[in-house]
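One chain, chain A, appears in both complexes that follow, with chain B as partner in the first and chain C in the second.
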Partner chain A sequence: MNVKKFVVGNFYEEAVLFPAVTKVRRAGYKIHDVYTPFPIHGLDKVMGLKDTDLHIAGFIYGITGTATAVGFITWMLAYDWPINFGGKPYFSLPAWIPIMFELTVLFAAVGMVLTFCWLCQLAPFVKKDHFNLRSTDDTFTMAIECTDKTNEAEAIAFLQSVGAQDVEIQHREADWWIGRYDRETVRFGKKVPQI
Partner chain B sequence: MSTVEKFIPAKKYNTIAYVLMGVGLIAAIALYIATHGAAANEEELHRNHARFWASLLQNSVYFLLVVNAAMFFMCATTLAWGGWQIGFSRVTEAVSSAVPVIGVIAAVILLAIVFGDNHVIYHWTDTEHVAHDKVLNFKKGFLNKGFYTAVTLGTVILWSFLGWKMRQRSRSLDTNPPETVETRKKFIWDNTVMSALYIVVFALTIMSSLPWLWLMSIDAHWFSTMYSWYTFASTFVAGIALITLYVVFLKNNGLLPAVNDEHLHDLGKFMFAFSIFWTYLWFSQFMLIWYSNQPEETIYFVNRIGNAGNPGHYAGIFWTMLVINFVGPVLIFMSRDSKRNYTIVTFVSVLILFGHWLDFYQMVFPAISPNKVPAILYDMGIGLFFVGLIMLLVGRTLSRYPLVVKNHPFAKESVIHHT
Partner chain C sequence: MSLIRYESQARAPLVEGNKTYHDVTEDICRPVEAKPSKLWWVGFIISLGLLGFGVVSIYMDIVYGTGQWNLNKTIGWGWDITNFVWWVGIGHAGTLISAILLLFRQGWRTGVNRAAEAMTIFAVMCAGQFPIWHMGRVWNGFFVMPYPNTRGPLWVNFNSPLLWDVFAISTYFTVSLLFWYSGLLPDLATLRDRAKLKWSKFFYGLASFGWTGSTKHWQRHEALSLVLAGLSTPLVLSVHTIVSFDFATSVIPGWHTTIFPPYFVAGAVFSGFAMVQTLLLITRKVLGLEEYITMEHIDVMNKVIVLTGSIVGIAYLTELFMSWYSASPYEWFAFKENRLNLNSPYGWSYWLMMGCNVLSPQIFWFRKMRRNILVTFFMSILVNIGMWFERFVIIVTSIYRDYLPSSWSTYYTPTIWEIGFYMGTFGLFFTCYFLFSKFFPVIAIAEIKHILKKNGDSYKAGYSKEEMESYDAFEHEQSHHH
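Right, the complex of A and B next:
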């Protein structure tokens, strides 16, 4: 378990969120993450996130697919069980290109989906802690990670000054775990009813 | 952000254009002298003359279709209610404004070939020959001088007229901006109708019948239903490359303030995607013919790449253009950063424009000069004439109107565009 202390604030407008992210970063606070109900163009740049390497993985998967197709068909049709199709050479590359293309796409697509899930820590039974459930609905939630040197009162005041609402200190699990959510989790200020 | 900036062509720009046109004219004259000299027999003389006209045909048709692809880009994005292209839509319009001039040149050359007494290029124009040729006799309803003339003239006139109309609509925004929401909606709707009309004309010409007449009928016995799409894909990717070159050129001159890396990235994606699309069509045409192995179909590729153990004369050009047009753009443009790098984008654009020129070269010449590749430098020289002409025409149009269409209802979409 890796429970950390966070200062969490809610934003209601994109126009407030963007300058706030810039100001918080400039002030030297460490943004753990910003949670939004939908993808926001440009937020990654403002947060200074680096580009994903997912597409490099995709290229490698694609090449693997091509190589698998060429290798396997060559072995089958040119070495293991050669069949004469209308006088064509055993090694007849043009006829195989559709299969090569399809295996390239298949490997790249499946591989990238799985890699994406792995990068985002998404899988069946894998759970992650929420800072604010409204970030799945209508608000943008920013979590600032507290270090030994963070003055919490000052961080709360700063977050409020840049336009955050409902600012509070939370102790949250930063990693994923397998199992279920804590039954005692408080949602919207109310105790979650026992399931 | 200033929005009244205009492109003022530097003196050097026009000088280069005139020099290129001069080189092209010299190349044409040199080729005329080289091909109209003495020949061993009458048949060779005809072949020599045809080689001269084929060069004019290849270059004029290629560059006409390339500048016209800008027209298609404009109408397709308008029809899709795209907003991102508004930032550089004046560039697209300027490129498309070369259509009437090059269209007239191409029409004159094509009709001169059809109505001339040299039947090497279009041997379906030889009535004597057609009467004894079962296949060509069967195709007479399609391959005849009257239909050819009507389609050629109709196409050039319609392309020029509709293109002028689209450009006028865009330019009317500068003096007469739509103020209310209603007039803005009406503007967009009228634009949509206009470009839909153009797309129909486009579908009936270059996407279906025109390349059959202009280019495929050089190999009059051979046929391929993919041919027109293949030609269209070729010119469309080259047209995007031309637009991109101008966007980069104007950006380097500090113009086009609304265009940034995001727009360049999207143009790069277009080139990447349509290079693959072109290869897809090329391969579909090739593989079906290779697979079914019918002699009347395979003859086309035997003339170009030869057959097993016996390489054709055009094999070098053929494989070179396949590498330039497919392997090059796909591998270079695969990464995100390369599509945002001005140098790489410029390099690939030039590569694509040259590669598809080479593609047209191997479409036209193997039927006219089957036993040897003609001296390609002449054809490149004549190509430079059209490059100069396009530079001159595009530069002139660019300098006349503001480069930013600030009154377009979708202008903001282009400014905040983000991929």
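Right, the complex of A and C next:
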């Protein structure tokens, strides 16, 4: 069993959290994650996370839906069993637009939600750890992953110096449910933004 | 998007009472974690009773067929389709609030969107009952699905508005459910992390899908919400458009008109907002959420009601004018004799509709009336009665006197089983709503926290414009810093 060590600190103000994230990253610590009770715009940028490509997936699912509708209806009504509805052409595209549209939306929505759950590894009965139960209430919880080289006391002191409260060491099994599937950080640039 | 966007001090705060993040959690979770009140039980049991009445009515329909209803050869569509359109229309307000107002960045939607979306889902569930049980031989209901069958295979008619309806309503239900539930995940996680009882730990643990609040997950969640909102916006417009096609593509005088799609959509939003008012006025009082669903929210929704009510009014007049201007004697007869004529069998329903939908909402031009709870509650009921009669007028007064006077059906009254079926959907709707208000947070906790610092009482006054702008500048810099 592979146990990992984390230095965990809590923040209560966005205005403290933002510069703290910057300083922690600049000091060379590896932020495992920051858990927040609500979306904080810009935090992903400060943490150096890449933008998500979920919308592109949504677009692809959408056109798959359109193509499915056009393809299937054409095959059914124009080739497999053509029926004469009031003398109208077998291939009557304008009449199919409503269903083409509905399937576009249906495929895009269902596909995106499933992709979202898959990317975030969310499903019924999945149990994950976020270090502090209050982080779904009013606390912004930052977890720093300890490597062999990390001096724990130093890391704790550093986190306290940037404004974190109740800083402590926590051990977690490094299994997939705490593992980062979000390794897509961008390299930290020279220019450090200040709040 | 910004960390904290500046909101004019002239706008009233959307969260009252100097809340902290923790207060928000406590206030909204309280009704879920407390034992249900006596009032809740009374309401729930009445709803179950109505649902039971509905089940018996449907049983009668299955056993004896739709002959249990007072439909006849002339009036082939009556209460059943009226109720269907009415319920679908009600659902539209929820999607408007959750999707369209999200795209328009209307902060006030956060207080009401969760309950309104739930209302949408339950209303669409109720609406779906009517076409399903109207099939008569409901065990053959799967025939509407295009599946390879042993009858040819004979495919369904994709050129028919009734089939478009099948796709529109089922897509609408699915997408609304996904949108609602994906928004619920973070709040269910909040309840999970607070849970003390064994069953609630299990239930919310199961329902929250293991949500942690990771920054990356929030980023994806935001992207998902935005795209789902973008998809739901044309979807909600398409649904009532397609419902109106059921009528508009026919050649029945009174139905055969191009104004139907926008007219139906406006009416849908109108009746939906009335239902949102009815539900939320009770919900905020019973669950003690007046600081989150404020007078400001009620005021804004009443503005939407007077706007959409007036659009509907213009549509009624346009429709009337066009039936005369078309110079089609059948069109004009349908309007002049079947609707306008108060002495005709259903003339009263046309004027009832006009009074409830066009005249009465005009009261909301007055701020005092918009902010009066009793007036709002009364109006919300009145509008829904009016909108029910709108559908009744469209459907019954157009068909009870058809082209052949010998087959005119002078009067159509519903049987007890038609009434029971309708009451049963009320039972279904309120049973679902009572369960929702007990087991789920009726206000989106995370979203309220998200707007708290710019729309909350204490914070709003605390920030100067310059401070806010410096946050904006910081955020702007961050977004371009890769």
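Going forward, the second predicted complex is superposed on the first by the 169 of 195 C-alpha atoms of A that agree within 3 Å, B and C clash if a C-alpha of one lies under 4 Å from a C-alpha of the other, contacts with A are read in each partner's own complex, and residues count from 1 in each chain.
Following the convention adopted for this analysis, contacts are C-beta pairs under 8 Å (C-beta built on N, C-alpha and C of every residue); 3 or more make two chains touch, one makes a residue touch a chain.
None of these values were measured; they are calculated from a predicted model.
Asks: Looking at the overlay, does A:99 come into contact with chain B only (first), chain C only (second), both, or neither?
Replies: second
Asks: Which holds for A:124: it touches chain B only (first), chain C only (second), both, or neither?
Replies: A:124 sits against chain C, while chain B stays out of touch.
Asks: According to the stated criteria, A:60 is in contact with first (chain B), second (chain C), both, or neither; which is it?
Replies: After superposing on A, A:60 lies clear of both chain B and chain C.
Asks: Taking the superposition as given, does A:137 touch the first partner, chain B, the second, chain C, both, or neither?
Replies: In the superposition, A:137 touches chain C alone.
Asks: Identify the partner contact of A:27: answer first if only chain B is touched, second if only chain C is, both if each is, neither if none is.
Replies: After superposing on A, A:27 lies clear of both chain B and chain C.
Asks: Could you say whether A:41 touches chain B, chain C, both of them, or neither, answering first, second, both or neither?
Replies: A:41 sits against chain B and chain C alike.
Asks: Just chain B (first), just chain C (second), both, or neither: which does A:72 touch?
Replies: After superposition on chain A, A:72 lies in contact with chain C alone.
Asks: For A:16 in the superposed arrangement: first (chain B), second (chain C), both or neither?
Replies: Touch status of A:16: no partner.
Asks: Going by the contact definition given at the top, which residues of chain A touch chain B in one complex and chain C in the other?
Replies: Dual-contact residues (chain A): 41-42, 51, 55, 95, 98.
Asks: Along chain A, where are the residues that touch chain B in the complex?
Replies: The touching residues are 41-42, 51, 55, 59, 86-87, 89, 94-95, 97-98.
Asks: Where on chain A does chain C make contact in their complex?
Replies: Touching chain C from chain A are residues 14, 18, 33-47, 49, 51-52, 54-55, 58, 62, 72-73, 76-77, 80-81, 83, 85, 88, 92, 95-96, 98-99, 101-103, 105-106, 108-110, 112-113, 116-117, 119-130, 133-138, 177, 182, 186, 189, 191, 193-195.
Asks: Looking at the complex, which residues from chain C come into contact with chain A?
Replies: Touching chain A: residues 1-4, 20-22, 25, 146, 152-155, 157-159, 161, 163-164, 167-168, 171, 174-175, 178-179, 182, 185-186, 189-190, 192-194, 205-207, 209-224, 226-228, 231-232, 234-235, 238, 242, 245, 445-447, 449-450, 453, 474-475, 477-479, 481-482 of chain C.
Asks: Using the touch definition up top, name the residues of chain B that touch chain A in the complex.
Replies: On the chain B side, the touching residues are 283, 286-287, 290-291, 293, 308, 334-336, 418.
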